[in-house]
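In the two complexes below, subunit A is the common chain; its partner is subunit B in one and subunit C in the other.
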Partner chain A sequence: MMDEIKAKIRAFIVENFLYGEDSELDDDTSFLGDGIIDSTGILELVGFLEETFEIEVDDEELLPENLDSLDNVAAYVARKI
Partner chain B sequence: MEKSTRKNNCHIPCLIHHFLEKSAQLFPDKIALIHENVRASYFQINTAADKLACRLIDLGIKPGDRVAIFLDNCQEYVISYYGILKTGAIAAPLSRDLKPDGLRLLLGKLRPKIIISERKFERRLKAADLDATDLKAMILLNPKIGWKDVSFQVLAWDDLKHQDTALPPDIIIEESSPASIIFTSGTTGTPKGVVLSHKNIVSNTEAICDYLQLTENDVQMVVLPFFYVMGKSLLNTHFAAGGTIVINNTFAYPASVVKQMIDEKVTGFSGVPSTYTYLLHRSPLASKADQLKSLRYCSQAGGHMSLQIKQQLRQILPPHIKIYIMYGATEASARITFLEPKHFETKMESIGKPLANVRLYVLDSNGKEVADGQRGELAAVGPNIMQGYWQEPEATASVLDLKGYHTGDQGYRDKDGFYYLAGRKDNMLKVGGHRINPMEIEDVLMATDLVLETAVVGVPDNLLGHRLIAVIAPKDASVDINRILRICAEKLPKYKQPSELKLVRGLPKKSSGKIDRYRCLQMLEDIEDM
Partner chain C sequence: MPENTIQPKLCQKCVLPETFPGIKFDAAGVCSYCQKDEKTIEKAPVRKAQYRQRLDQLVKETQAEARTYDAIMAYSGGKDSSYTLKLLRDRYDLRIAALTFDNHFVSPAAYDNIKKVCDALHVDHIIFKPPWSVIKPLFALTAQTDPFAAPTLLRASSICTACIGLVKSLVLKTALEMSIPLVAFGWSPGQAPIQSGIMKTNPRLIRMNQSALKKALPVEIAASITPYLLPDQYYEKYDHKFPHNIHPLAFFDYDETAIKEELGTIGWQAPSDTDTNSSNCLLNAYANQCHIKRCSFHPYVWEIANLVRQGVMTRNEGIEKIYTEQNAEMVRYAQTRLT
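Let's turn to the complex of A and B:
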């Protein structure tokens, strides 16, 4: 299930922020640190997670350890669903 | 008490890096900077800056040369900034938003001898074709890619650390010498390099320290980038006072910032309007505000913040936390006015009064001062006003004259001497026969309390000149658009009502956090094309 979640998130990031080019995106790449996503992008990612996985992301959960790499997001989503 | 200590210990002439040197003398072991796992003392930073300065001189840097800094906020940024200043060279911070084309353009104008950068920006630098510039060396933190067959030296930051020399370079630098070139964001034209002297920045830094009453006990949370003049002033003011700065580059995750403010007992927080919008509506600030026991004040600059955000902020923050509303410009070394917190409740919409050593005028189109209450362009005079734009005499002459620096901001002064902003001259939109100030419409939209943030932009229209479209990030995604339109119809004359509302999750921002109107327009074009 984890792989499936990660694949969906990867596809979203690649399509919306990397214009289809995914060679720079490893599972542990920091979205913010590597300049892939800015603060507006984080909100778009949160919206995507809420709609796709039918979860609610609380303000207190807007943390790098939950959202700042494919590994972190996938683990966070897996905990929530 | 601290204020007089600060002034009496200031060298003559007073240069920007003397702030660091003085604090390293007075508080050598005090933590000057916190960033992730780094906790660096004043002694450590000053020694590292001395070593870097010596190395830069070995590499051929002379007073007046430009050294570009292309780094995210970090300890090495601070060392680089003060190290460059110690050589008499000019520190030129570059925005992290720059892409290869923009970099090539700016570096072509600036002609730096050295660039200090880091791994994450290497690809952009490579694509910018630096061989075409006068670059002599590039210093990189944790370099990743190979730099073969280039016309300049490439050095790793870590290799510089082993230099033995730690004495400050013995170089005579005048107060009037250029210290920094900061590029304006230039969303509608080519960015211009604002040349600020040591005196410009020192005088502004001291004035800010005075009104914020900063001391060595202050701990400032820094979420604004140092390449942005307001971020840089947070660094200079706290190093002048011997305080501590806490660097947090993850404001996109606001909960992490609130948590660190509590953990590090932060006493000061500063942001632009969107910073506060996100703290209020996308962070646990409200539920954790009572834990911010050390927080002394919050300050806001970087453009007009809506009344609603100010009121909500006041409501959420415990009463002991002061709110400073401030106004400034890169061309003014950062700050021009501030509103004393004691007037916050009664003059909430005001940007306050000029700093002690600054005068501010409201001028009509002929350059004559207008009466209180009448609108005009704000023009500032003081020791903080820039020397001019880098190698652009015409652009300089268009904003600097005997009346001071013409800010391009419209505003007015009330009968009590408080100043107010009324929009930017270059944001005005022509709709039909009317000139529209988008700020006025944005304020009405924010007042609906349904909107998180908004930008009203003009889409070219054959008939009207422009058609008004409001790009809106709603508080609640399921907002009723018609309700917003109805409120606009009640509050605004027909010609000021947006013809359309476009809902988005968040508005595009610059790295400074300011809303990027140009990208808002681009976003609308993309939607139209789909």
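Let's turn to the complex of A and C:
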């Protein structure tokens, strides 16, 4: 299931922030540290997660350890669903 | 068609060109971004209503705890930020400090509007202007190269990204220092998706953002802008005071003609001394031209395409905004100052 979650998130990031170029994106690449997503982009990611996985992300959960790499996001989503 | 237009193949529905990264067209010539956006646009009215309620609630909660001001507004004097200011005053009666970042290219017309609007709305105004010795190298660099991460280029020119990075940082810094719970921006619904309309800022996310901004720049320039970024100790010192960012135009009604009319009642006038996309910054035409030359698409095309899809403007209006040559005199003016 984890792989499936990660694949969906990867597809979203590649399509919306890397515009189809996924060569730069490893599972542990830092979205913010590498400038792939800025703080506004994080909210677009959150919107996608809430819709796709039917979860609710609280303000207090907007943390790097939940949202700042494919690994982190997938683990976070897996905990929530 | 006027002589001074440039026309690549465009999406038949919005205004995105074939040169836009990642774009694909279907048999009818409609782009992949338009197709992807259909569901979002369908759901927009319901979501916008939810966000308006959320803001009502947030204002109620924060007004009780704010000390001097309820909100600080990143204020350029342009149509969108002026209207946001009016909306926040009219609807919520917020006590607002408006902060204008003077990047040495603020037009005289913008200053006229700023004075009129702040007086009419009873808003305190702060001007923040770093010395030319800090500003010039930053803009001269971003006029020549694109130092920031590739995705930033899809939404703005590197000159704008650099400038806005400083603006965001300064309003946040001021909000923390003055215990202001809300930070307002006038992003149009084309620039800000609805779900970005209200966001609690998080110290660690901001910290990563700021270090990415610095890391992208040469050491000397990074050092010269450091005083305008958040000092390291602020992240802990103000840990529990990080404000909410709000982008009200993402979820309130947005009609350009109505907005201009309403602003007219408080003395705001559409300036004529700037280019077609920005009503306040004399650097904008040059920034656009640099971006178009390097990236082969206009830095505002993403925003304008969104506005066309949302029905805020017609496709023809969008095409005129995006595919008209930059004003040569404006380009020369900024270019000369930066070389």
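Convention: the second predicted complex is superposed on the first by the 81 of 81 C-alpha atoms of A that agree within 3 Å, B and C clash if a C-alpha of one lies under 4 Å from a C-alpha of the other, contacts with A are read in each partner's own complex, and residues count from 1 in each chain.
One rule holds in what follows: contacts are C-beta pairs under 8 Å (C-beta built on N, C-alpha and C of every residue); 3 or more make two chains touch, one makes a residue touch a chain.
Model, not experiment: these values are computed from the prediction.
More residues of subunit A in touch with subunit C or with subunit B?
If we count touched residues of subunit A for both partners, the winner is C.
With both complexes overlaid on chain A, does A:T40 touch subunit B (first), subunit C (second), both or neither?
both
Determine, under the contact definition given at the top, whether A:L32 touches first (subunit B), second (subunit C), both, or neither.
Both subunit B and subunit C are touched by A:L32.
Could you say whether A:D68 touches subunit B, subunit C, both of them, or neither, answering first, second, both or neither?
It touches subunit B and subunit C both.
Is A:Y19 touching the first partner subunit B, the second partner subunit C, both, or neither of them?
It touches subunit C, and subunit B stays clear.
Taking the superposition as given, does A:D59 touch the first partner, subunit B, the second, subunit C, both, or neither?
A:D59 sits against subunit B and subunit C alike.
If I apply the document's touch criterion, which positions on subunit A are contacted by subunit B in one structure and by subunit C in the other?
32-35, 37-44, 47, 59, 62-64, 67-68.
How about subunit C: which of its residues touch subunit A in the complex?
Residue positions touching the partner: 21-22, 148-152, 154, 192-193, 195-196, 199-202, 204-206, 208-209, 211-212, 216, 245.
Looking at the complex, which residues from subunit B come into contact with subunit A?
That would be residues 96, 120, 249-256, 259, 278, 282-284, 287, 473, 477, 505-509, 511, 513 of subunit B.
Within their complex, state which residues of subunit A touch subunit C.
Interface residues on subunit A, with respect to subunit C: 15, 17-21, 30, 32-44, 46-47, 59, 62-64, 67-68.
For subunit A, which residues count as touching subunit B in their complex?
Against subunit B, the touching part of subunit A is residues 32-35, 37-44, 47, 59-64, 67-68.
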